[in-house]
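Order of writing sets the chain letters: A, B, C and D. Residues in each chain are counted from 1.
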């Protein structure tokens, strides 16, 4: 199965590149987007390359992320105390990638919980998230060999309204006092209401989001926070599957590209300050290459 | 928290609301007679239909108390409306119920929470029905029927859009979730949707947040102004360019944060912390403004203690409390 | 096969078409179409969500579990608002089409749904939102402690911005000249400098990271590497 | 004292915050404001326009952020009216039209009754499509808006003559609470014609850090949060203020009093919090 999908994507990339050549004159291809196509192809190739390296047995080392260890500890502690774990997958629908990343973390949390026999409660703000999360958690319990322990009623819909959802969650936290609160997904203003309420009941709190405006509140009020890209990397770390770790290496390669472009560009810009004739080269670099 | 303190908290919260309502009633009777009253201007609509029957209704338009009284004095059709006055009092009391949670969980907060959950879930469902299903699904599949029943303004040329059978089919598959045996089939529509958005976001994130963030970061590290070396701009640019690069290093996953990399990553964290501190400071502003907005609602619209919008009779707050103090 | 492979292929195909639509103008309208389809699907999904809400609360009421009275309130609010909205209770017809009562604007001033918005929905949500003013205060008191350099930078910046964004900032550094190099240290100017440089640097790096993370998660799903959205994986 | 502060109940902090915000509101204090350069630039951009110039007034916000943004919207409209500019209202958020109606009712018909609909101002209404709409109006406005919000074909609206795309406007005045908003206007409208059109924006505090980088190149001025609104109001009132100015035009200024006391409280709390922390360290408790 994986082989098939890899080749299919490579085919697409090739197809796109081939089409780019032929379509120039016909106007089928949007020429303004060529630099973007370049970046996209670079990224796809980088990720695919490292995934195949990882699959064929190459060792991939990754640095530690403190927040991830904390998740398992949190579930463990909840079991010891005989209390539940609250998992909040954000307030957006499955059309948001952060929600999907949150659900992949949920599948790992559910697996751990199934092993420890802990109770994970997942109130959600969107019906489609509820549907998807139920599938995920059910499979996770199956994978952990505890299909009987799965309880569909613990994953339920509250309301689509942001603040209605928050009102429900804060009330519930104060009444049920979960031992651990895990927030993984797309958050807006509710981040601090949740984190402060969680803090007032003494729960261990781990958060992960890619909303830059909300990160400060999670950083200030939670025990551990996965910042932006770390949050997306979480599922790869937790799965420990070589393919997923390979994708991280691919991401790093793209960061090296960004790093290099900025560094090179800045040097070129500095040189232009002294040798004005370089302006043309600089304009080409920022204007054409970077779109 | 033990049971006794919890009950203590609950009492606090309930007391806050009860005292607030008692003061409001006293205020509306003694200090600002009629506080919270809502006025409307009325317009009668009468239409005779083709079959000769008559349809009539009254349209209400909100006006401030001051405007309403002026209109009434000119014998225009304006008067207080009980249902809206009651609504405003209800809204104010619900506001207090929510605030009471700050003192501790209590029955009044629980009631307000139950109302907001039930009402808001239904609210979005109604919006979804009238603003998505009717104009996007019904109007595309059954234009004539939709025009006759819900959307008379729908263009007469609107034709049937058979492509809409796709979301309809997906919806049916999704609803099969309710059938226990073949519930798994609901994975198809969700998988389709997830695939669509993965495709969309894959590209848009690379464009909007990758490429477009790199371009503006490219700046000269040494800036030569008209009178030679420009220290201020150079310093700013160095912070910007090197700061961005250091933060990028922090996000590397495949390199341990040790040695030189560790040092750079550490300075990346410093940048991130400054960023978070600034965002925190800025957001505080917005949050306080929101709270000020709610307090103005209570003091101005409900209690008439202040009158910044020239909307109703009001005495300055100090004049109001002076008789209580003496 | 039907449970796993087909949905996975469906996701892959859909995603790849969307990527291509970006580069090939003839396919571009598909992007908007699928967004509309998603909205329809999400709106239909309300039936499942609403059904679940009814189920949860009816069960609570019938079992007489703790707090069942509040479940009754939720149910009443839910059913009431749904009826008011779907049957357009209190909605006046449009002047152009007086015979069609169901054609009236369900959000128009004075309609039943307008009452719900004006006196229940808006005040409740705005009040919950405004509680953040209290939570930022308690978070600042508890969490902003100068434990290490990182924390000092965080709280120091917050400090400068909090002061620099009110008259207090102007007042505190009024002794500094308005021109020249020292002017940069006036709190209102320092605020702007911080926003333009270190904060921009931090935000840019975060955005770049997020872009790569988003792209990577999407790609893993399109490649079939990550299948946890279908319920677990390998 | 130390024990009291260490074990300080959250409810004490909550009460302090409630007092810090409520008391200035009740006493109706209005502190003076001095405009910062970024707001002054926004004001001067509008001041530099001539009578009859066109402004594209984009209201992209909702009631949840109206507390911060309504004062900006009011001040923008008032300023444009005082300058006798032609105003074209639009909205990309479904609830935006409500604020256009408010502006018409509260500012234009009350204080500028001489302004005629269709000649001095027009309401183009709400349009779905988010940044897609911006991309399209950047090249062709007339196909996007075949008629105004009242259903009148735009060919019949006198002030629409000679308007083909966003380039025909002199300034975009945008009030934005998020997506789609100022960022999209910069990326798709200003970027399409950097020399033809200027952008002046007002945004919420949460967005401000992300928008600062666009000033002054892509954006001529920015009103950040309620503070920006208050500064702009002070500039407008300073130039056009009359006696017995209605309270509506000082909403932002009025909100600065609770803002000031709230911020001072926050700074005090951070300070006391650290005092407690250092005392605890000294006693070996932390």
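Just so it is clear, a residue touches a chain if its C-beta (ideal position, glycine included) is under 8 Å from a C-beta of that chain, and two chains touch if they have at least 3 such contacts.
Predicted model only: the values in this text are computed from it and were never measured.
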Chain separated most widely from chain A, comparing mean CA positions: D
A-B or B-C, whichever has more C-beta pairs in contact: B-C
Centroid spacing, where centroids are CA-atom means, of chain A and chain B in whole angstrom: 26
Distance from the mean Cα position of chain C to that of chain B, given in whole angstrom: 9
Gap in Å, rounded to a whole number, between the CA centres of chain D and chain A: 33
Separation of chain B from chain D, taking each centre as the mean of its C-alpha atoms, in whole Å: 17
For chain B, residues that touch 2 or more chains besides their own: 98, 101-102, 110, 112-113, 116-121, 123-125, 174, 177, 184, 187, 190, 193-194, 197-198, 201-203, 205-206, 208, 210, 212, 214, 216-217, 241, 244-245, 248, 251, 272, 275-280, 282-285, 288, 290-291, 293
Multi-partner residues of chain A (at least 2 other chains): 33, 36, 40, 43, 94-95, 97, 100, 128, 131-132, 135, 157-161, 163-164, 167, 175, 189, 212-213, 215-217, 219-220, 227-229, 233, 248, 251, 254-255, 258
Multi-partner residues of chain C (each touching 2 or more other chains): 12, 16, 19, 22, 38, 41-42, 45-46, 48-50, 53, 67, 121-122, 124-126, 128-129, 131-134, 136, 138, 140, 142, 144, 154-155, 158-159, 162, 165, 195-196, 199-200, 203, 206-210, 212, 214-215, 217-219, 221-222, 229-231
Chain-level touch network, classified as line, ring, star, complete or other: complete
Interface residues, chain C side, partner chain A - complex: 5, 12, 16, 19-20, 22-26, 38, 41-42, 45-46, 48-50, 52-53, 56, 67, 121, 124-125, 128-129, 131-132, 135-136, 138-140, 142-144, 154, 203, 206-210, 212-226, 228-234
Complex interface listing, chain B residues touching chain D: 12, 102-104, 131, 208, 212, 216, 275, 278-279, 282-286, 288-293, 295-296, 299, 305-310, 316-318
Contact footprint of chain C on chain A as seen in their complex: 1-2, 4-6, 8-9, 12, 16, 19-20, 23, 27-30, 33, 36-37, 40, 43-44, 47-48, 51, 93-95, 97-98, 100-101, 103-104, 107-108, 111, 126-128, 130-132, 135-140, 142-143, 153, 156-164, 166-167, 175, 189, 192-193, 195-196, 199, 210, 212, 215-217, 219-221, 227-229, 231-233, 235, 239, 241, 243-244, 247-248, 250-251, 254-255, 258
Chain B to chain A touching residues, read off their complex: 1, 98, 101, 105, 109-110, 112-113, 116-121, 123-125, 174, 177, 184, 186-187, 190, 193-194, 197-198, 201-203, 205-207, 210-212, 214-215, 217-224, 237, 241, 244-245, 248-249, 251-257, 272, 275-277, 279-280, 283
Contact set on chain A toward chain D in their complex: 189, 200, 212-213
